[in-house]
Amino acid sequence: MEIFLSAIFSGTSRGAIYALAALGLVLVWRGAGVVNFAQMGQAMFTTYIASTLIGHHYSYWLAFIVALISGGILGAFVDLSVMRPLSRKRSSNFLDSPAMRSTIPVIASLGILGILQSGAGIFWAAEERGFPTPVNSLGLVIGGKTMPFTAFDLFVIGTVFITLVITTYFFKGTGMGLAMRASALNPEVARLSGIKIGSMRTLSWTISGVASSLAGLLVTPSANLSPSTLDLILIIGFTAAVVGGLDSLLGSVIGGFALGLLISFVNVYDTPEDIFLAILVVLLAVLLIRPQGLLGSKEVRRV
Amino acid sequence: MALVAGVAVSSLAVTALPATAATDPGVTSSEIVLGMQLPQSGPASPGYNKVDDAARAYFDYVNSKGGIYGRKVRLEVRDDQYKAGLTVSSASSLINKDKVFAFIGSIGTQTHISVISDINRRGIPDLFVNSGYSGFYTNPKTYPTTFAGLGTYVVESKIVGKYIKDTYPTKKVGILYQTDDFGRNALQGFTTAGLSFEAKKTAVNFIAGTQGSIGLASQLTALKANGVEIVIIAAVASATAIAVATAAQLGYKPDKWVVTSVGADATTFQTILGSKGVTPAVSAGMLAGIISASHAPSPGDTTDEYVAAFKKINDDFNKGPDKRWDNNVLQGMNIAYMATEALFGTGSNLTRKGIISYIENNGSKMSSAALSPLGYSRTSHEAFTAFWIGAYDGATVLKPITGTRVLYTTDSGTGPVTVSNYMRPALPADAIAKGA
Amino acid sequence: MSRTRSYGRKNLIISILFAVLIFILSIKLDPYNLGQLAVALMLFIGVLSIVLLTGASGQISLGQGALMAVGGFAAALAILNLGLSIWVAIILAVIAALLAGLLLGIAAARLSGPYLAGTTLVIALAIPSLATRFESVFGGDVGLNINFGNPPAWLSSLMGSVGYEQWQLLATLPFAVLALLFTSNILNSRTGRSWRALRDNEIASSLNGIDISQTKIFVFVISSGFAGLAGVLYGLRGIVGPSVYPISLSLMLLTGAVLGGIRSILGALIGSILVVFLPDVIDSIMKHFSPSEQVANYLPAMISSLLLILTVVLNPGGIAHGLHRTRRHL
Amino acid sequence: MLEIKDLVTEYGSVKALNGVSLVAHVGKITTVIGANGAGKSTLLRTISALEQPRSGNISWNGKSIVGLSPEKIVRLGIAHVPEGHAVISQLSVEENISMGALFRMRSNKVDVKNAQQEMYQLFPRLEERKNQLAGSLSGGERQMLAISRALVSRPSLLLLDEPSLGLAPLIVEQIIQTINDLCRNTGLTVLLVEQNANTALSVADHGILLSLGSVVADLPAAQMKADVSLRAAYLGY
């Protein structure tokens, strides 16, 4: 029983982080039509910034805020320096087919990932570091048993929930959110409606940068910080986003928790070596059986 | 089975080696070139990336004292990122471009195995490899030029396993091991030593290190739920730190933690926890009482003459990005120290065959910072065959557990664990051993 | 028809010239560069698998390294357990990779763009992990030792002494030439044209009677065979194991393909030479500036990532496209 | 007044517009008719800057608008309803309408609300369905929605591309009538592109016949409607 509960609890707390990573991916996919494979690289980079500040005895919360802001700036920079020039080039003969149009940004994002990882290597990678939590991380006691579930885990879940509510409200309840959705869904009609789609794209990269930066800050305490720390989170986050439906915010969060539990149960009742296989199986199963995911809308995009 | 193809090629080629005069590559009248392969970037690099700088610092020290028979030692280092595909290329670069005389201190079982056959086939000395995989050393006919730079995992597990069985005969013993060759080798070693584990209950594994330490909390909960009182951790130092910290969060306080020597590094332990906001005083408290085995003195034991001398050399000569004194630095220095000794011992007419034969014949008499005897002989290329059991005190120093240090020795086969009376040779005045 | 035949003759001549050029280099180069050139040829075959897949048919794969692993492991098992010669093992490896490609292709045919990219990325991670899952068969993290062995006596007697790296290169060469010939012929054939039609407009090509999913699976299978071949040869340098085929290998192939020119065979060659030799060039330039250890270690990766982005943004056709344009201007 | 002079627009090396000149007067409906591929849609797309002209000039109320971005042009009061009932099917009806007025939101919130209400009065069926996704609407409703999306920005020039395409005659009649009323009552200038020449010419003030990217006739609508030979030559009936 204790082991079962522990599997549930650690699955939930990891799931919250996967949810956040998935949310970041969905934000850029919805806002700019790009799956950003550099996302967790950006998160890693901003976590290093936070870690450096904390190392210089600044408070956690200052470092936290600075990391989120730099996450936003980094996201915007990625868009302005690479993705926007790329979308302008869409008339070139290498980008004229839909297949290549969706492939080229993926390749570009891998290049960005490479730059961020090697950059972090140059700046910071001589030593391995940990990363602190803002609140105490002693396990919750249930019936005299300490569970792998801490105040920090609650903090993470709370943060994910708040992020979900804010982003959902932003998209559904504000004009800016509507403009962002419109530009992603149909750039031409959006432009004819007077929406500055370039700015909207940049904005979604910015918001996603903040969300991923948040994911980085929250996931790193349970691992160690190194340039490639968060690669795995990207892969799990992607799978979570696909499971939930790549265009659904709520779906991505549900997908994140589902993946967290799945991985936790594979880990506890099978073996950690099977985690990657389990991820692959789930991903393929969803894509082949229900390609739009749990909550994705069917007609949005062919996978 | 896996090694069969390699064997056939290597044994064939070695007999065909030309008789070498003093014209082996990498040796001139003024210079000896050595090569080292290790992960300097990428996920596996933290910690290990200090070994080359430490070794180079020692060689620079030797050079500042006039070198070896007037020859300065130059250490060429290649980053293989812990990817075997790159190890092959970087070995070729060291052999063909830098024309190294010998390899020293290459790090990693899974990387080194990709080049060991080729290095041996060419008759290049492959000195003091930083891998505890006994398959490299126990049969010199297979890898005639390869010598260990660590005690084997099997020897260590047998010694620690026997200690646990003798000291805590009634306690429930469990193991937390990382999911890779090192973790599995350790599990196997402790099983050989007579400890028995039950998968998923008292033997649990996790994905360690920078990939996010997946499942650590659940695995520790499993150990806790199954009433494990003695927990052996077989993981790299950073993952060990995270494991101990996670257990504390879970309120899991086993009677004893036992950490393998690979994972027992006080500096890494404190650095990792320090960057998580744990003060040095608290992390020292977490470390206190943890049992580990070592073939070397504790890096924190500055009363040890080797430690003191090496630390001074490190301060003066290390130009690496992170030169903080720890096990990795001590190990790097010690390998360079032993290499220097062997180079001196071989004589001014330095050849590859010469140095191999010197280590095979005189290796067991060589000195090193290690408190353990060296197992080098014509029939075995194992390095440290003895370990002493210690526990960390409150000041992060590994101290002999019974007050006086007892060395236990055994082999990588099925031989018994016995007490060793080995006495380490004293450190030469200039901290440079000149060989027999 | 006659056009196809003239293409065929041209391709044959180019392939022979290519073989002769590499053969001359195999006599001229020093051992280190021989080994590097051998790696470049192995990766060339791997990059061709991307030229076929992404360049010609518009499907992306970040998991070619996994297919290389399939080839490598199949060959290693055949050599070590069945005692087969490496040449037979290479053929078996290609067959194994073709089968793996069929399985993947059936799934992949329904995916495109980022979905396909993400899925193949997960594949790149999951397949090598099987090696540790079934350690007794695949040798775990340590892997399985195989190698090219010693050069045959007839070759040594023909060429004088054949060095270890030289033999790696000479043993790889025929496969690279075959891959080159096969790729250039298939891309100029009707099959190749139907792939390009698919890439440029799926709907139109299905109206023209091309079976979309069958064609996609077929490309995937062929491409996998190439990757498998590259994988065995790469493994024959000493070892087959998970750390030989990491994700970074898949990304390296993609980088090579994009830098050289993702739609060009010449580009594949340029790209694979570039990813192999560029780090060496950067190293030798950096030596003059004595950079810090971290800069020295991470700069090559940074430069190749930077080149990747610059290529995609400024010149998506890669170097080959640039050359082609320059030639047209002259 | 919209004034177009010697406009040339190319797709690659194909000239879609080959020196088009025309004038659309304020408060009037000007219709551009022509066969498929005559360059009608390209003309509208060039005006709203979705395509950049190779040469020539477009001026609105005396000022050149060439080189401005589509977003800017909307802000000058030029609204374009592109071909094919262009709405965003994944957004609700209400969202589609408000989308058209987003850029005025900050400057005049009250008027935006009013404009939205006016759209529902204009097309009551849209109000009934305002929370449905646009994708679930019928073709006619979508066209109404597309027009509302454009009108809600309170344009002074409406570019309307093939509103009748694929719709039942009754619906076409209704839509065209609405446009006509708007034009007569509010002084809206309309540039209406149609393949269905009869319908277009029956409401328009002025007709322009385009063929292969060039203007072949520029006549009052009634006159063009009566010219049987012109129709036979260029429209095939």
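Per-chain numbering from 1; labels A, B, C and D assigned in written order.
As a working rule, a residue touches a chain if its C-beta (ideal position, glycine included) is under 8 Å from a C-beta of that chain, and two chains touch if they have at least 3 such contacts.
Remember, predicted model here, so these are calculated numbers, not experimental data.
Common neighbours of chain B and chain D, listed by label, are A. Under the contact definition stated at the top, no chain borders both chain A and chain D.
Greatest centre-to-centre distance from chain D is found for B, with centres as Cα means.
Nearest to the common centre of all protein CA atoms is the CA centroid of chain A. For the pair chain A and chain B, the distance between mean C-alpha positions equals 38 Å. Centre to centre, using the average C-alpha position, chain C and chain D are separated by 53 Å. Per-chain CA centroids place chain B at a distance of 37 Å from chain C.
Work out the mean CA point of chain A and of chain C, and you get 31 Å between them. Of all residues in chain A, those that touch two or more other chains are 121, 125-126, 231, 271, 273.
Annotation for chain C: residues 132, 293-294, 297-298, 301 touch two or more other chains.
Residue positions of chain B touching 2 or more other chains: 41, 49, 179, 320-321. Touching chain pairs in this entry, ordered by label, are A-B, A-C, A-D, B-C.
By the touch criterion stated above, chain C contacts chain A in their complex at residues 54, 57-60, 62, 107, 110-115, 117-119, 121-123, 125-126, 129-130, 132-133, 199-202, 247, 251, 254, 258, 262-263, 293-295, 297-299, 301-302, 304-306, 308-309, 312-313, 316-317, 321. Interface residues of chain B facing chain C in the complex, by the touch rule stated above, are 1-6, 9, 12-13, 40-41, 49, 53, 79, 81-85, 88-89, 92-93, 95-97, 109-111, 113-115, 117-118, 121-122, 133, 179-181, 184, 320-321.
Residues 41-43, 45-47, 49, 179, 200, 205-207, 209-222, 224-225, 238-239, 241-242, 246, 249-252, 268, 271-277, 320-322 of chain B are the ones that touch chain A when the two sit in their complex. Every residue of chain D that touches chain A in the complex is listed here, in rising order: 48, 50, 69-71, 74-75, 79-80, 82, 86-91, 95, 98-100, 102-105, 135, 149-150, 153. Taken in their complex, chain A has these residues touching chain B: 2-3, 6-7, 10, 14, 51, 54-55, 60, 121, 125-133, 137-139, 141, 146-148, 150, 219, 221-233, 263-264, 267-269, 271-273, 275.
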